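I have a structure here, written as structure tokens, and I will follow up with some questions on it.
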Amino acid sequence: MHQNKIFKFIKKGIRLSNSIIPNSSKAKVKLGLAPGSLVFTGERKMEKAEISVIQFSQDTYQEIDHVDVKGVIALIKDFNGTTWINVDGLHDEKIVEEICTHFGVHKLVMEDILSIGQRPKLEDHSDYLHLVLKMLTMEENDTSVNYEQLSFILKGNVLISFQERKGDVFDGVRRRIKEGKGAIRSRRSDYLLYALMDSVVDYYFVILEIFGEKFEQIETSLLAHPNKSTLNKLHLLRRETLNIRRSIYPLREVVSDFERIEAPVVSKDINVFIRDLYDHTIRVIETVEVFRETATGLLDLYMNSVSNKMNEVMKVLTIISTIFIPLTFIVGVYGMNFDNMPELHLHYGYFMVLGFMGFVFIGMIIYFKKQKWI
Amino acid sequence: MHQNKIFKFIKKGIRLSNSIIPNSSKAKVKLGLAPGSLVFTGERKMEKAEISVIQFSQDTYQEIDHVDVKGVIALIKDFNGTTWINVDGLHDEKIVEEICTHFGVHKLVMEDILSIGQRPKLEDHSDYLHLVLKMLTMEENDTSVNYEQLSFILKGNVLISFQERKGDVFDGVRRRIKEGKGAIRSRRSDYLLYALMDSVVDYYFVILEIFGEKFEQIETSLLAHPNKSTLNKLHLLRRETLNIRRSIYPLREVVSDFERIEAPVVSKDINVFIRDLYDHTIRVIETVEVFRETATGLLDLYMNSVSNKMNEVMKVLTIISTIFIPLTFIVGVYGMNFDNMPELHLHYGYFMVLGFMGFVFIGMIIYFKKQKWI
Amino acid sequence: MHQNKIFKFIKKGIRLSNSIIPNSSKAKVKLGLAPGSLVFTGERKMEKAEISVIQFSQDTYQEIDHVDVKGVIALIKDFNGTTWINVDGLHDEKIVEEICTHFGVHKLVMEDILSIGQRPKLEDHSDYLHLVLKMLTMEENDTSVNYEQLSFILKGNVLISFQERKGDVFDGVRRRIKEGKGAIRSRRSDYLLYALMDSVVDYYFVILEIFGEKFEQIETSLLAHPNKSTLNKLHLLRRETLNIRRSIYPLREVVSDFERIEAPVVSKDINVFIRDLYDHTIRVIETVEVFRETATGLLDLYMNSVSNKMNEVMKVLTIISTIFIPLTFIVGVYGMNFDNMPELHLHYGYFMVLGFMGFVFIGMIIYFKKQKWI
Amino acid sequence: MHQNKIFKFIKKGIRLSNSIIPNSSKAKVKLGLAPGSLVFTGERKMEKAEISVIQFSQDTYQEIDHVDVKGVIALIKDFNGTTWINVDGLHDEKIVEEICTHFGVHKLVMEDILSIGQRPKLEDHSDYLHLVLKMLTMEENDTSVNYEQLSFILKGNVLISFQERKGDVFDGVRRRIKEGKGAIRSRRSDYLLYALMDSVVDYYFVILEIFGEKFEQIETSLLAHPNKSTLNKLHLLRRETLNIRRSIYPLREVVSDFERIEAPVVSKDINVFIRDLYDHTIRVIETVEVFRETATGLLDLYMNSVSNKMNEVMKVLTIISTIFIPLTFIVGVYGMNFDNMPELHLHYGYFMVLGFMGFVFIGMIIYFKKQKWI
Amino acid sequence: MHQNKIFKFIKKGIRLSNSIIPNSSKAKVKLGLAPGSLVFTGERKMEKAEISVIQFSQDTYQEIDHVDVKGVIALIKDFNGTTWINVDGLHDEKIVEEICTHFGVHKLVMEDILSIGQRPKLEDHSDYLHLVLKMLTMEENDTSVNYEQLSFILKGNVLISFQERKGDVFDGVRRRIKEGKGAIRSRRSDYLLYALMDSVVDYYFVILEIFGEKFEQIETSLLAHPNKSTLNKLHLLRRETLNIRRSIYPLREVVSDFERIEAPVVSKDINVFIRDLYDHTIRVIETVEVFRETATGLLDLYMNSVSNKMNEVMKVLTIISTIFIPLTFIVGVYGMNFDNMPELHLHYGYFMVLGFMGFVFIGMIIYFKKQKWI
């Protein structure tokens, strides 16, 4: 079944989710605005922004959807456990502003949250952390990679996450919180942040696995019968690989910064988890690098295969031409209408010429065999 | 409408604003002069140099155009707010010298201001800062990128900017000062410098967006039907990308130096803005790098497409030749004028030969189909 | 005999042990699980997991196979010498968990041991060391490289090694322990770890030697008569080289870390051995780099050889065509059926035409010789 | 006139001043000699070595040519101002040795002065500085770049310069000393050294400007009609660029060392000049790098243009062949001499065949138009 | 005469001294042996190992050949001057072991001395230094580069050198010691070591000079008439360059370490010599890098030249075919045997057709001239 999905995938061709312009930041829209102006620069991907809150401690758990900002503030007040506020939909700049203002987040950070096209980064604003990631997803019935900007604000025991639209890779984390599995309920908001980052990175592996299969299919098809459509597919796949690379590459530094950070909101004992995350990140990046080299290698292979094939075709042309052009000349000679052509009147002249031509023919075949052209 | 503009853009071809010689520094002109000699090395881009002054504080605002140097000095005297002196047109070396001398600027700095072709840099001369940037612009009815050298002198509450000619990307900043929008009126000259740098960098995004669209058009056209004019366009676009890269690349270091600088004219609390500017700069540079890779990728694609197309053409030639050359030989045989050619006298000889040739024809078609050449 | 083996090797073609996806980590299986979940992500390569224990001191030696976990714990208790516990087969997650738990190993480390696809790394968990390596092997009657993940836990005088399956490169070490050869019996578990790492690295040289021979065979065949199958072989060899490189490259850092480590389980006096191991590692990596460059060089050579050969073929076509096409035209002229063609009635017209064509023929040959086309 | 010079330049071809062997160090000559042996390794470029001395202070100035070593020593004695001793011609090893010995210069430094092929470098021998540069010149009536090794010894208020031959880029400095222009007379020997270095670097810009024009000419000619001679020119220009790069690249480090040096002979207040020189050096190096990339870009353009042109030619061949080969077959059919060929006796047979062939001809033209081959 | 030698050199082709496998370390032989096992891994290059001793001080000098180990030990005892023990031939592992044991050299160092295939390195074992170099030689009547491993042990006033076979580049040093030339007799063993290293590096220049000449010959031949044998020569030369590079590259670090070393056996006052040696090393490495770039440049030139030549050939084919194929069609038309072909009976029909064909011919020539194809 999985095989099938992939097959459909390739068959449809690869629809490009990303343009060449890497961070289509609608530069013109923001031109001339003061720094810190809050304008959402992405595409509107859902109808209404939604806020959902999950609160838990070792023993308690509650999940509330469709809250408004006031409701959120009320929920946090006097709660000792960990609160995870998730905002889906950034086009409603007001909601983002209200929440951020309540938590004392700097204007420029708000601007970053709203500006699609940030590089992954980690900023330590002494009393809170600001983290930007790229969440890569591929939907079941879709064939292209979606790039979504994820922003986190970690302040005290509250973690706020901002997503461009509903639908994410955090369902596993939500289930673990709900069912109290793993260590997540017994830890704090910093561990929750780690768990969410880990989910994002884990999903990178899924994406890369799909890409690996695509590369293998292209390799197989190149080794068998290379053609132009394979070339275009390879070109687009390579471009998509570059896009993924750009989204993932800065993550290395982000996680490494996270490990070294000296912030009160991050406890020392999650360092062992961060180090593990760092290992995963390195592996993801290495894999992407391998894909880049693979793409280059396949391009070389393609070019060589094509020139090989052309050679084959060329050889056939040469051989046929080289054999028949001189023979055609010979028969042309005896098609001339001169009055005095003694050979024409020989009784076996025709057969002698046929024989001579047969001789030339066989001689050439032997010559070509010797030259290893056949 | 925007689409239209771009289309016209491509259609006109890309007029090159920059020659290959990156810093046409009129090297010969300056040869043998002492260091610190003040000679303007660029092209004269406007008629008369002009000085305009903007002065503002939290509550006051005045803008005076067409001032002379004495007027400027009078304006600054006893003014407590922030003064922005803008000089348009560097060919009037005297004006630059007088202003710089008044502010105690070093001779070599003056020389730098006048020498078009500086790399972006930040120099800390203890009591004043000297900053050089490249301002990239594309005019509405023009199709090429203009590179203009921008120099700033920041001393106390005075900021002096030097431009090669009238027209810049600072109108947004001027409006914000005038209307008192944003934080600009409540801050000092260091924030003003940041705001101007931010405008320059923001405009880079506009330029890059246009380039991204050009690259996409070229990609589309390469995937469909590659030809020589696309290749030349790609070559010029790639060269222009290299030019842009050279102008922007050193900016990273400049902004990073700005963040770390320990100068009395720069207050600590604008660091958060500089960091934000740094993020933007990194994104600009990354985008340019992506363009470089894209250009390389497109060149590969072009080469492969061309060799593919040639293959197609080749195949047609091969097939036609391979089929008809032997047939022509056969008809040549029966065009010979030998007295004794028994086949010629067979009643159905002609039709037998026609039939035989039909057989050869069909056999070859089948063979080529099998070889996947058709 | 060795020669023979290699020959067979090449003849069979190179069966690929590794897919392009470098770390086929079964990403989907683990998706949504909590960090630290123990799931084996590799292929099951043997039927039942087996534990074997070797215990030795200066004077004593015992080797016990097929122990269970309880047996292992009993053996270690009150033993003063060095104990080497070897676990073959990771699919039995329970065994791994029990042993690790007994030695106080962290959950995430257990997860790493079970997750095939780790990068080589060294982690210092203050009271124990965790080391991951890739063991590369090539079996006598097999032709592809096997990549096996090796994990070590070094705690006090106990060294635990985890392998994916039975069969390794440690037989030399086992013999030296048994026979008391070399310094191994007089030293502790840290030296044992070094000796095992040394065996793994030494075997890299064997693998590289085989690859070097393959590269030489391909070079020889490319210099003589390049063809498509050589190209495909070269492509696969290059890919395998990239795979090997990925497995070996991080080792440099691992060994370098090992040299600098300040852990109580590692005595200072094995530093001289580690430095020697470091030298070997550098040589291995350099050799792999040389292979990469060689592969690129051979690809260039191939492309050039192919285009050379095509040139040769081309030249033959040109020469034959260029000679006979004009001659065929001439004989065509005298094959026309016009009533009034005076030349036809000349008595020696035929011979004059033959002579003229001979003249043209020789003239062309001389021209081509002059142009160095023949 | 300048234009003309360049044109002549290109027309003559580029005579290569430098062989591929970068530092033709006459290695064999020196083989087996002790380190510090004084042997001149360059070509003798002038007849007799000459020493000239310039002495100046704020108020005094004298210039003496054709001095011998004793005269030099006499001049220096009891002189308080700055002395510049210039030695033209290194083949007279004795003169170099005598001067150096007088100033207490180390044997190895003397060897360096005489060994053409040094890399640019700065050595601090506590009581004197040793600086090596490459002076690049292009003479008015010559077309190739000359590489000359320049060595400086700076000790106290004496600066000694060693050149391979008469003729340099220092005339501007000499004039400024003589006429007392600029700051040079009021400063010491360290500023003099800076001024000379500055002259050398300024002349690099002249050389690079000429190269830039050459590159532009080649680009223009490549975009219009690429041919083999352009390719060879490009190859030689690229090689020359590599040579220049090798001569200039180490300068960056040299100037940077100069800025950081803590030697009594160098006063702190020339640091601002050195920094300016450093900026120039960076710009020179960047320009050379741009030339390298340009050369690569032009090579790609050339290759693509050539393959494009070949395509055009190919297409013509294909079309002509594809049209006429089948038609020739048809006329061949009716040239056969069978007794029984009914078509031949049709009254309008000939015209029907002509019509049929016209039909085939037009059909093919339409087909090719559709395929966009015409 | 020198010219002649080089010519012979190229003519013979380049016999490869080194296989692709860089360090043919006979990996299998050593597999499973304990670290520190003494096995010589190279080829036996001479019959019997020989020890020779040179002892000298300021005033005394003696040279003794064919000493055995006991004799060596006796010679050293109570000698105050410098002793240089040279061992030729490493296959006699016993001799190496005895000498090393006497001087207290570590087992692993002995193993390194015997293992051909070490990287150049410098190890400081507190009371002695261990230095490994590659000595490159080219014999007068041989055409390939020999790579020989040189190991040095420097302990107190004794320097031991180990060579694979008799014959080295040290004759100059030996002569200088014997004749008391230069500073060598007045200095100690550390200077002797420097002098030997200097000889090795000086000989690199000789090798590189020969390679430079080879590259120039290949360039000349490529610019004139590129062919396949030139390509193969270039490929092999490039490979040999890579081999040389690998042997020389680590030397940079070695010499740099030597300069910084703080060992009692190395006196501070030879630092100025080491720095000089460092400069030479950098120049050697730079030259090798230039060769790499040159090789790449030449390969590009070759590819372009070949495609150029192919173009020329192609053009001839096109022109001849394009001219004669249509003409052949025309004569074919009038060779048809239709009863009713009015043109055939025109009195000047034949000449009109000839004229028409002449017209077509000239028209095509003019067209091709216009297209710049001729």
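By written order: A, B, C, D and E. Residues from 1 in each chain.
We take it that a residue touches a chain if its C-beta (ideal position, glycine included) is under 8 Å from a C-beta of that chain, and two chains touch if they have at least 3 such contacts.
Computed from a prediction, not measured in an experiment: that's the story for all the values here.
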Would you mind checking the shortest number of contact hops between subunit A and subunit D? 2
Indicate the lowest number of steps between subunit B and subunit C, counting one step per move to a touching chain. 2
Go ahead and note the Å separation of the Cα centroids belonging to subunit C and subunit D. 44
Subunit B and subunit D: spacing of chain centres that average the CA atoms, whole Å: 27
If a residue has to touch 2 or more other chains to count, which residues of subunit A qualify? 303, 307, 310, 314, 317, 321, 325, 328, 332, 335-337, 341
Should the ring be read from subunit A with subunit C in second place, what is the ordered list of chains? A, C, E, D, B
Residues of subunit D defined as touching subunit B within the complex: 171-172, 175-176, 181-184, 195, 198-199, 202-203, 205-206, 208-209, 212-213, 215-216, 219, 223, 272-273, 275-276, 279, 282-283, 286-287, 290, 293-294, 297, 300-301, 303-305, 307-308, 310-311, 314-315, 317-318, 321-322, 325-326, 328-329, 332-333, 335-341, 372-373
Sort out for me which residues of subunit C touch subunit A in the complex. 19-25, 27-28, 30-37, 106, 108, 111-112, 117-119, 121, 123, 225, 228, 231-232, 235, 238-239, 242, 246, 299, 302-303, 306-307, 309-310, 313-314, 316-317, 320-321, 324-325, 327-328, 331-332, 334-337, 341, 343-350, 353-354
